[in-house]
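Presented sequentially are two complexes of chain A, the first with chain B as partner and the second with chain C.
Coming up: the complex of A and B.
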């Protein structure tokens, strides 16, 4: 099985402008978006990028989670019991690709709070800008997989 | 985990057999993203296809197209599906409005958290769905003309058999238009998808009030990963 990552097509540069027939989408640069976690002893671990986030290599016990976007915006996530950050992506059969958002699932006692960090903006739907955060809630998951990482 | 790797494949034969994640299948071909194009064509007067033998390995020269005539009564499914690749168009025999199982597949190497969704959009901005084929018309109940089936899900919901006839309203199927009308490719309940091939079928059905159009929508797959 070929595990080569698909190309990040149709991006013009670091600003990631995508020209469509009706719309122009501005996207973050996925190579320069990452998380940062800080442990109680002051140790800081930085993630990689949106293709290979590095999240599953993170050990439990950190006290702070922050996202850094390629635009320079820094988004601190409040402290919760555990986190599961998910990258939301669309891949076209034509090889094109868009990163929509990072959905950070945050564990509370009775529910999961979802912090949705927007990674693109366009000229038609102007409600969302890169770096906007929308907070929602969803029920507790039936099972917690190993990608959930617990704070100390 | 890193982003999962998705490989798109199609069955270029009349043998309705699956594509194995580890074993593959010699009858299947891999879609080259950015090069290959799915073509829905045929059904016109003096159709190029008339008189051509219906052999499994049928190919045509790249660029071959036949306009489909809008039906005067009821509706009409665009009859032929090809994959245009370089100088050749490869027939996808088993695709269409039928009860076949294995024609299109997406091979997921790695893990998708939750479901993988098949969507149809105007273009690679994945943000608008204004094309005529996606908007449909009054006679399609304003649903998209693009009908898609998650084959395994539809079979599970129909006693193990592929339902026929089927359209976007059938269990395990959807009309494709943006993210509002899309098709989950996992078989519910889906927690994640790991090292698996997901199979789907697609056809386009025109109605008597179809506008005249030549559209090139983009099929996209939306998913989550850590």
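Coming up: the complex of A and C.
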């Protein structure tokens, strides 16, 4: 998969618009969305983009996790024991691609809190706007994979 | 980590993998291969539809007679708890993970590239069907495709992936909807790239799309839709 978005026309530095037959989707610009983590010694590490997030290169022990969207919105995630952010994407057989959300799984003692950051808004389902955050809960995972990153 | 997924199909007469551009359902009375973009306007109910796979700006191949003889419209149901057969790389679309991992995979159909609505006659009336299977491969080269059979003893080179999800035959694809106890999508499951040193390749998903009940009740017109793989990654 290359870094092309054939269905994102008129993309600006901030966002992209996808024209469908019955719907029009406004989306973030995936090249300009990233996370930022801060360590206790003040060191700050910035992620890359939504194609290659850079999350797996992050070391444990940070104290703060923040997401920056291409719209300029900054979304701080409260402090938890560990995080696993998942980018939700869809890929059509015609090469079309949409970024739907970032779901940040946040580890608590008895459950996982999910912070879902919306990355698109459309003209049919108007409940969600770019940058909206929905918080939910789900059971603890049966096993923790290496992509979970622990805070200090 | 970031995930890379390629979408392709195998062309049998001049053996090669091609990057898929479009799946085309149109008249069978065209010569195969034909130029990409060739369409024939036929009256629903007058002729059966043929399935073609198309490369951007190049050729398109009719899957039935240029790839491998098989039932063009659908796969016969097979008990997925015992053995899996009927799939063949020569008549299916292949999604291959070439690096990384992707979770919560779901294959379904939407009306357009916005991947968000099903306002399309074929989708809303349940005519968009597919048979799907996911697997990994331990047979060496992929250039000699054979029947996909795992769980049986006939051809053990196709293996269950790390997180197996049962194959499904002739399911309806319709957004994220369900009908009774049946999901109108294939999923959810995970796919993980196998290092070459593991002796395995993949994971793969193969999909054979088809249209059901094409008759005089289908209105004139172009009924484009998009078959889409949804997934998550880090």
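As a working rule, the second predicted complex is superposed on the first by the 138 of 152 C-alpha atoms of A that agree within 3 Å, B and C clash if a C-alpha of one lies under 4 Å from a C-alpha of the other, contacts with A are read in each partner's own complex, and residues count from 1 in each chain.
Just so we're on the same page, contacts are C-beta pairs under 8 Å (C-beta built on N, C-alpha and C of every residue); 3 or more make two chains touch, one makes a residue touch a chain.
Since we're looking at a predicted model, the values are computed, not measured.
Within the superposed three-chain model, A:24 lies in touch with chain B and with chain C [touch as defined at top].
In the superposition on chain A, contact is made by A:143 with chain B only, not with chain C. Chain A has more of its residues touched by B than by the other of chain B and chain C.
Shared interface residues of chain A (contacting chain B in one complex, chain C in the other): 1, 7, 18-25, 51-53, 55-56, 84-96, 98, 100, 103, 122, 124-125, 147. Taken together, the chain B residues at the contact with chain A in this complex read 1-3, 5-8, 21-22, 31, 33-34, 36-38, 107, 109-110, 113-114, 119, 122-128, 130, 191-192, 218-226.
Those residues of chain C lying in contact with chain A across their complex are 1-7, 20-23, 93, 103-104, 110-117, 119-120, 224, 226-234.
Chain A contributes residues 1-7, 9-10, 18-25, 50-53, 55-56, 84-96, 98, 100, 103, 122, 124-125, 143, 145, 147 to its touches with chain B in the complex. For chain A in complex with chain C, the residues that touch the partner chain are 1, 7, 18-25, 51-53, 55-56, 84-96, 98, 100, 103, 122, 124-125, 147.
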